[in-house]
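Multiple structures follow.
Across the two complexes that follow, subunit A remains constant while its partner is subunit B and subsequently subunit C.
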Partner chain A sequence: MQAYVTTRTRASTIAGIAAIGLVALAVAAPAFVSRIVIQDLFFILTMLMLAQLWNLIAGYGGMVSVGQQAFVGIGAYAMFGGVLLWGWDPVPAIILGGLAALALSVPMAFFAFRLQGAYFAIGTWVVAEVTRLLVAQWRALGGGTGTSLPRQVTADIWGVDWVADLFGVREAAARDILAYWLALALCILTIAAIYWLLRSRTGLALASVRDNDEAARSVGVDPRRVKWLVFLAAGFATGLVGALVYMQTARISPDAAFSVTTWTAYVIFIVVIGGIGRLEGPVLGVLVFWGLQTAFASYGSWYLFALGIIAIVVMLFAPRGLWGLLADRTGLALFPVQRRLILPDKKA
Partner chain B sequence: MIWIETLVQGLMLGGLYALFAAGLSLVFGIMRLVNLAHGDLIVAAAFVILLVVEMSGLNPFVSALIAAPVLFGFGYVLQRAVLNRVLGNDILPPLLVTFGLSVALQNGMLELFSADSRRLPAAGLESASLNLGVSTVGTLPLMTLASAVAAIFVLNRLLYATALGRAFRATSDDPVTASLMGINPRHVFAMATGLAMVVVTIAALYLGMRSNFDPSIGPARLIYAFQAVIVGGLGSLWGTLAGGAIIGVAQTLGAQINPEWQILAGHVAFLLVLLVRPRGLFPRARD
Partner chain C sequence: MSDVLVLDAVSKAFGALRVTDGVSLAVPRGQALGIIGPNGAGKSTLFNLITGNLMPDSGRVVLLDQDVTRLPAMTRVRMGVGRSFQIPQPFEGLTVFENLLTAAAFGRGLPEGQVAEDCAAILDRIGLLARANQLAGSLTLLDRKRLELGRAMATRPELLLLDEIAGGLTEAECRTLSDTIRALHGQGVTIIWIEHVLHALISVVERLLVLDFGRVIAQGSPDAVMASKEVREIYLGIEA
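And then the complex of A and B:
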């Protein structure tokens, strides 16, 4: 038997099989859970996607962006624009949201990549603020106060009738189920794409750039190309998520869609608490975040106060997050990206 | 005439932004620490001053004098107990910790003081004005600008003409070598943050007398402060003053053209400067 290199572990094989079962269960979920649960699952899936995408650019790419809300907001607004101004159906208009975010990420990258470290963080934040202020001037979409999708549009979304008939539910509940399925599909696609990217040559290049820019260059990696690729891809996907979230709520305002707290601070907390720089981190983080929110949301601001303190404590005492603590003790990796050499005698 | 008037108003506003920024500039310049909670700390300091005013009945200036040592102590402990642990080459940990602090402060203040707008009583000072010939200016904005210049002058003297300032600069350049010379970097960093909190108290005093404040306005003050620091250039306190003036003038010019463009104009000026000079106008230190 020959020696070979693999990233697979026994845990990852089991996790892969379990994931397939979990996905099948999740697809069928609308048949046997209530609308509230579907909305919770939708929230979990969208936050998980945002967390994975931020983790990709910050945890793997070393680009600490505080401006991801720009992509959520512009994606959501482009979707609303497609629907309200050009008469698109909201579902294809989600793609428009992604494209708008992609278009915004080009000038943002051009500008922010000239800046280092802290300047990068503040620079992306300011670009997001500029986008928010410009969108608030867009009178056709409600200016600073925002606007809603009219009822005749939300009732007519592709597939809503079909879902309503299938489960015998009303139009609003059917829209939630549709949004949930789209979120599920997009989430699987996002995680699969990130996992594939990290296992490819580009993923290796990305990690090498994060760890040492000059050493990466010396072995032939072009840092600019890798960073551009990842930043643009994350921008596009973040825009899709923004459009999807606001298709479900059907109501938008610049302050909500471009909220630094909701779309960047919480997302960062999820990644940090779960474990930055690994795919399992955001999954664990989003479950902890949702659990805390469900348990303590009635405490209002004290809950958010506690969340901030928890993030500080985790960063001080477990800088690689809860999954990091677990992985350090057990070596467990559900999405392994580390390449290991398997020698023939070890197999014997 | 209207343009001179606008320019003068912009410079006054720039004074306030320079005050917001001076503490940030000091901390950022000495330990490369990006404090994302700086804006919320300014608001928190304003609430502390308000508490002193309400409990003692003294005027805001005296109250700020009482609040300053308390906030200095808070800054010292914050740096020593929390922020020193995350300093290093990786900018992510300090960024995340201060982000957590920012969210915790905002929501803690919301619970303690409610979302109501508050104001420090300035005893008629806010409506007083002086005629300077070319333009009439408010007494309070003029005092703000004068305080900003004074604060930056004092900080600069402190940095370049005292033993503590020498320790600041030495630790900033090379903490390991500085500690060989008998300097304790952790103490020096904590002194810097404590000092920054004193400047924050001055900034909070003028913020609170000039306009209403509530627990949610911190992040916007942070952005203005950061813009002033970055436009001015890392490590240059006078640069920070110039940066504040540029952001202030850009905002008042924008507001003159269209009231909705005030904030946008400041952001655009910031982006333009960074596009031309990614390290700001008067950078002293190398990253």
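And then the complex of A and C:
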């Protein structure tokens, strides 16, 4: 039998080519868009990364964490610690943020993996809150009120001078551009890594564990191993994002860095609206979220109220999100992971 | 050496209920063994003890001359134990083909590329090739049963455990499934099959074992076991 296996679709080939063009455009963007647009793009990219990472553990791994803000917060604080206490440059200190988040994800997984379903979610939240309370005791980094990166540090960040010269902008704008480029690189890396993971053997293991833990064990899959792997990887990457976000703002406080609303609720909103369990979902979701935020942010709490209603409506009428709705109608898949068996002679 | 599986006084209780009560059993290589017994006799529990989905309270499980009593299910799969579940448990979000691919890749510890052909061949054999790229969650009961068998086959087991694979099927469907199982047996796969559909079971197995209240109450050739008065009373109800 001349059967072969493929994941590619025509749409994915076109999407691949379009993505390369889009990336080239995104890299060149600082040359022709304003600082406000760069800041918006930075926001979109960072939220997209967080959404992809949450989607990886919840949508693909079935681990609904409500404690991802712990990794954002600890990542950001570790970066600040590296800069303010040990005199690191903020850019390499971002790695420190990732490592700190990785270190935190070990005890969090240790506790939370003993819990199932809603208890898992609450468990992760509890660990995140405990971490926030502990970090708020860290006097050297401003305790409960937080602290800022001093001007002489932010002005000397690796590459800022070069960017400032390249585009003829001032130091603050150059820092935004640098952060944007880092976010772009990290975002591409994150999506590529998740896509690679899902197409690898581990992707099958992850899906089988999500669908049926017991049956997965009965075909030789080790559920604990895959869960640990994705939870730790997501923790590390979430920490990097946290550090990057706070390098850009240059100001930190425990309440902001460990905010469950910003770093988990919004992220869940993006994934649910866009479509859980698919890579395309968060991409669509983050654009919808950004649009809503730009249009309605001035309405204060009514804005949050509207977000909640939209989330409920989507969950009721399109449980697989907007992308799910679109894919069900058209069969479209830009990041296909399904292995399709192709038989040349269909035994017509 | 010639025994694929040996159970040595294996017991398991859920609370005060002894579901498996000192079961000892040896299954020689290549044998097809049928297990019957009334509902609640402990048949599925016995399977779970063999596969490692449950751990026994006492006794030993020996697989291919190795004591596996404390080894987890996934390790035993890699040693060569394949199973189907009584209630089909497909990976619903994966396609039929991916269900087999997962089992083949992880059950045998091989890369996907090396097992894809084999999975396609198994799909052809169990009549699911046309549905290869369909999501497993969308299958009918018969196809789910076929998938259970196919997924267990994909791990290329030395010992195949089938849990009521023929239940709920029509006569013709049942015959197709029995044919597939007989062919596997012909290839030298050792089979333990729990089944209520007796004629399907007896058409394949050469040895029959009767469980009741977690204990082995009779075993031997299917004819001898089915002829024994004790079995007819306990299992089939009192007949004239």
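As a convention for this text, the second predicted complex is superposed on the first by the 342 of 348 C-alpha atoms of A that agree within 3 Å, B and C clash if a C-alpha of one lies under 4 Å from a C-alpha of the other, contacts with A are read in each partner's own complex, and residues count from 1 in each chain.
In the analysis below, a residue touches a chain if its C-beta (ideal position, glycine included) is under 8 Å from a C-beta of that chain, and two chains touch if they have at least 3 such contacts.
Keep in mind that what you see is a predicted model, and the values were worked out from it rather than measured.
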item: Subunit B versus subunit C as contact partner of A:V272, first or second or both or neither; value: first
item: Touched partner set for A:G117, first subunit B, second subunit C, both or neither; value: first
item: Partner chain in contact with A:V130 - subunit B first, subunit C second, else both or neither; value: first
item: Subunit B or subunit C, by number of subunit A residues touched; value: B
item: Partner chain in contact with A:L307 - subunit B first, subunit C second, else both or neither; value: first
item: Which superposed partner A:A207 touches (first subunit B, second subunit C, both, neither); value: second
item: Residue numbers on subunit A that touch subunit C, as the complex places them; value: 1, 3-5, 201, 204-205, 207-208, 210-212, 214-222, 277, 338-341, 343
item: Of subunit B, residues touching subunit A in the complex; value: 28, 32, 34, 36, 82, 85-86, 91-93, 95-97, 99-108, 110-111, 219, 223, 226-227, 230, 260, 263-264, 267-268, 270-271, 274-275, 278, 287
item: Subunit A contact footprint on subunit C (complex, rising order); value: 51, 53, 72-74, 77-78, 83, 85, 89-95, 97-98, 101-103, 105-109, 111-113, 116-117, 119-121, 123-124, 129, 132-133, 151, 154-155
item: Contact set on subunit A toward subunit B in their complex; value: 58, 64, 66, 111, 114-119, 121-123, 125-127, 129-130, 133-134, 136-137, 260-261, 265, 268-269, 272, 276, 300-312, 315-316, 319
